[in-house]
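Structures are listed in the sections that come next.
Here come two complexes built around chain A, the first alongside chain B, the second alongside chain C.
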Partner chain A sequence: MEKPEKLIVDGKRLDGRAPDELRPLKIEAGILKRADGSASVELGANKVLAAVYGPREMHPRHLQQPDTAVLRCRYNMAPFSVDERKRPGPDRRSVEISKVTREALEPVLFLELYPRSAIDVFIEVLQADAGTRTAGITAATVALADAGVPMRDMISSVAVGKIDDTIVLDLTKAEDNWGTTDMPIAMMPRKKLITLLQMDGHFTKEEFEQALDLAFKGCEQIYGAQRQALREKYAIKKGE
Partner chain B sequence: MLHVQNRELVVPGQLIAEGGYRVYEGAFREGKQVYASVVGLADLHGQDIRIIPLQGRYIPKRGDVVIGVVVDSHYSGWILDMNSPYTGNLFVSDLLQRKVDLVREDINQYLSMGDVVVAKVKDVDERMRVLLEAGEPGMGRVEGGKLVKISPTKVPRVIGRKGSMLNTLQDVGECRLRVGQNGQIMIWGRNPRMINAVVEALLMIEREAHTSGLTDRVHLMLEKMKSEGGE
Partner chain C sequence: MAEIKTGDFVVPGDFLATTEEFVPSEGAYEEGGKIYSSCTGVVLVDVQTKHISVFSRTLGPPALKRGDMVVGRIEAVRDQSANVYIGVLRGREDRELPLPNMGTIHVSQVHTAYVKEMRHQFKPGDIVRAQVLNARREPVQLSTAGDDIGVIVAACSRCRTLLEREDSKLRCPECGNLEFRKLASDYRQGAL
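And now, the complex of A and B:
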C-alpha cells in the first residue's frame, strides 16, 4: 500500500470514520470449550482470541508464591496474521507485550485469594491491523471474567494517536504507519485508573490531555461491549 | 440501597448496593459501595449480599464433603486430587480414626494409587494446604461405582432444593449417588443402562443449570430411558 497524500479528508479518515469513532467492535465470551474461560474480539480487521486456564496448580513448583496466585500472560501473533509472514515464536516485541499485558491485568484481579496457584492467559492474534495489544487486553479481561476469576473491575483498552495533526481514536495499520503518534491505553473504566500507557511519537501537553479524554470515551464504549458479551453468554442459557 | 434485583445476572465491577450490607463471596466492598467480583446471580437476603458464581474452580472450604482420587502417597498418608488447584492431604490416622504405629503397620494396605475416596475437609490453612479426614460413616475408600466429573459451581443444582433433584436421580434412576462439593460424583447401581442414564442426566443438569423446571425435565428423561429398555 502506498502512502496516501492525506490521512484525513473532509474530516473523515481513510475508512470513513470520524476522528472520535471506534472501528466496528464484536466481542464474544466462552467460545473455547476446553479453556476455563475464553473470548474473541474483533475490532475492525483485528481478530484476537484469548483463553484463560486456572487458577490451577503452579508448575514449575519453585515459581509458586506462598501468599498469592501468579498471573502468566502470553501474547502471540499467528504467522499469517500480518502481510509479510511473521516468523513463529516469541520475539522481542511479543515478549514485551506479554509483560505489559500482565501488568495491565494484575491490578484488577484478587490474586491473593488463590495462594500457590497460577492463572494462565493466552492471547492469540489471528489477524492484525494495528492495536492488537489493546484488543488482546480487552479479550483477556472478558476471558478472565468468563473463567470465574474474581476481579475488582474489567480492563478496557484502546489506542489513540495523532494523524495529520488531528487526535484520533483507534488507529488502523495505515494510520499507525504514516501517522505521527500512537498511544495504547488500558484502564479500569469505573474508577478511571490507567493500567497501561505506552507512547510512540510525540504529543504536546494539550494534545496528550485531549488524547487521554478521547481514550476514556473509547474505553467506555468497549467496557459496555465487554459487559454485554458476558451477559449474552448466560442469557442464551436462561431463555432455553 | 440496592441497585440490582434478587437473582439478577451481574458482571465483575457492577454496583450492587450502597450502605451497610454484609458482604459474602463473589462481592467486595469499596467504602460504602458493594460491587460484584464475578459473573453470577445476585443472591440478596435481607442485609446479606452474595453472588452465586456461574463459573470457576473448586476452592476447598472447611466442612465440605469431597470426592478425591489418590495420586501419591507419603510416609504417613496420601495426596488426593480434588479437581481443584489444590491437592488434599489425608493422614492414615484421619482415615482410620485411630493411632497408627507406622513402624509396625504397612499403610499401603488401606489405600493405593488411583483409589477414589470420600472425605471431609478437616482444615484449610492460609497457604491453602488442605487436611482431609474420612472418619464418618460412608466415608473412606469407594468400592465399585462410576465417577462423574462436573463443574463445581453446578453442584447445588444437582442436589436441588432440599435435595429434590438428588432424590429424583436416585429414585427414578434406581441408583445411589454421592455428591462431592468439588463436582465429582459417585454413582452406584444394579442396571448399567440406568447408570448411564443418570450420567446423561448429570451432564444435562450441568449444561442447563440456569434454566427453571429442570427437575421435572430430568424426571421425564429418566422415566423415558427406563421405559425404553428393560434389563
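And now, the complex of A and C:
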C-alpha cells in the first residue's frame, strides 16, 4: 500500500470513520469448547481469540509462589495474520506484549486466593490490523470472566493516536504506519484505573490529555460490548 | 445510580452497595467502604441478614466439599494411610482441580469392616473413586468405605498388566499373580 496524500479528508478517515469513532466491534464469550474460559474479539479487521486455563497446579514446581497464584500470558500472532507471512513463534515484540498484557490483567485478579497455582492466558491473533494488543487484552478479560476467575473489575483496552495533527480513536494499520503517534491504553472501566499505557511517537501535554479523554470514552464503549457478550451467555433467559 | 436488587445481572467490578447497608457475601468483595461484584451472575439481596451476594452463573474452578465423589491415583501406601492424587471431581470432568489436589485415606476410612493390612487394600498406581470427608484439611480427607467406592482400575504389581476380577480378589491374566484390593462394585467397568 502507498502512503496516501492525507489520512483525514473532510473530517473523515480513510475508512470513513469520524476521529472519535471505533471500528465495528463484536465480542463473544465461551467459544472454545476445551478451554476453561474463552472469548473472541473482532475489531474491524482484527480477529483475536483468548483462552484461559486454571487456576491449576503450577508446573514447573519451582516457579510456584507459596502465597499466591501466578498469571502467565502468551500473546501470539498466527503466521497468516499479517500481509507478509510472519515467522512463527515468539519474537521480541510478542514477548514484550505478553509481558505488558500480564501486567495489565494482574491488578484485577484475586491471585492470593489460589496459592501455588497458575492461571494461563493464551491470546491468538488470527488477523491483524493494528491494535491487536488492546483487542487481546479486551478478549482475555472476557475469557477470565467466562472462566469464573474472581476479579475486582473488568479491563477494557483501546488505542488512541495522532494522524494529520488530529487525535483519533482506534488506529488502523495505515493510520499506525503513517500517523505520528500511537498510544494503547488498558483500564478498569468502573474504577478508572489505568493498567497499561504505552506510547510510540510524540504528544504535547494538551494533546496527551485530549487523547486520554478520548481513550476513556473508547474504553467505555468497549466495556459495554464486553458486558453485552457476558450478558448474552450468562443472563437468565426467559423460560429458565 | 439505580439501586441494585435481587435478580440483577452483574459482571465483575459492578457496584452493589455500601458497607453501611450490607455485608459482602459470596461473589462480592469490599473495597474502600463499597461492595462490588467479583463474578458474573445474578445478585441476591438478603434484607433480613443484610448480606449481599452474587450467585455466579459461570461454572468457575471446581471446589471440593464434603460428600463429593472424586477420582484419583494412589501415590503412596503407608501403615496408617494412603496418599491420593485427586484427578477430577465427579460432575466436573471438564476442568482441572485447583489446589489442594492431594488427598489421604486413613485406615479407618478404607472399608466398612476392620482393616488389618493397608497394603492389601491399595497399591501405588491404583485408580480409586473416593468420597470427600473433609475438604478444609490439607491433604483432603477421603473415604472408600462403601460398596460403590474403592479401586476402579488396578495393575499387577509384578508385570503391570491390568488385573481382572475374580470374586473379591484380583488375578493377573499374564502372570497369574493373585492380589487384594478394596474394590468398588463396578471395578473396571469404565465409569468414573
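The rule is short, and it goes like this: the second predicted complex is superposed on the first by the 234 of 240 C-alpha atoms of A that agree within 3 Å, B and C clash if a C-alpha of one lies under 4 Å from a C-alpha of the other, contacts with A are read in each partner's own complex, and residues count from 1 in each chain.
By definition in this document, a residue touches a chain if its C-beta (ideal position, glycine included) is under 8 Å from a C-beta of that chain, and two chains touch if they have at least 3 such contacts.
These figures come from a predicted structure and were not determined experimentally.
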item	value
Chain A as common anchor, with chain B and chain C clashing or fitting	clash
Which superposed partner A:148 touches (first chain B, second chain C, both, neither)	both
Chain B versus chain C as contact partner of A:66, first or second or both or neither	first
Touching partner for A:116 - first (chain B), second (chain C), both, neither	both
Doubly contacted chain A residues - partners chain C and chain B	36-37, 54-57, 108, 110, 114-117, 145-154, 188, 190, 227, 230-231, 234-235
Touch list for chain B against partner chain A, complex	9, 11-14, 26, 28, 30, 35, 37-39, 53-57, 59, 85-87, 126-128, 153, 208-211
Contact footprint of chain C on chain A as seen in their complex	36-37, 53-57, 108, 110, 114-117, 145-154, 188-191, 226-227, 230-231, 234-236
For the chain C and chain A complex, residues of the former touching the latter	7, 9, 11-15, 29, 31, 36, 38-42, 56-61, 95-99, 101
Residues of chain A touching chain B in the complex	36-37, 54-57, 66-67, 108, 110, 113-117, 145-154, 188, 190, 227, 230-231, 234-235, 237-238, 240
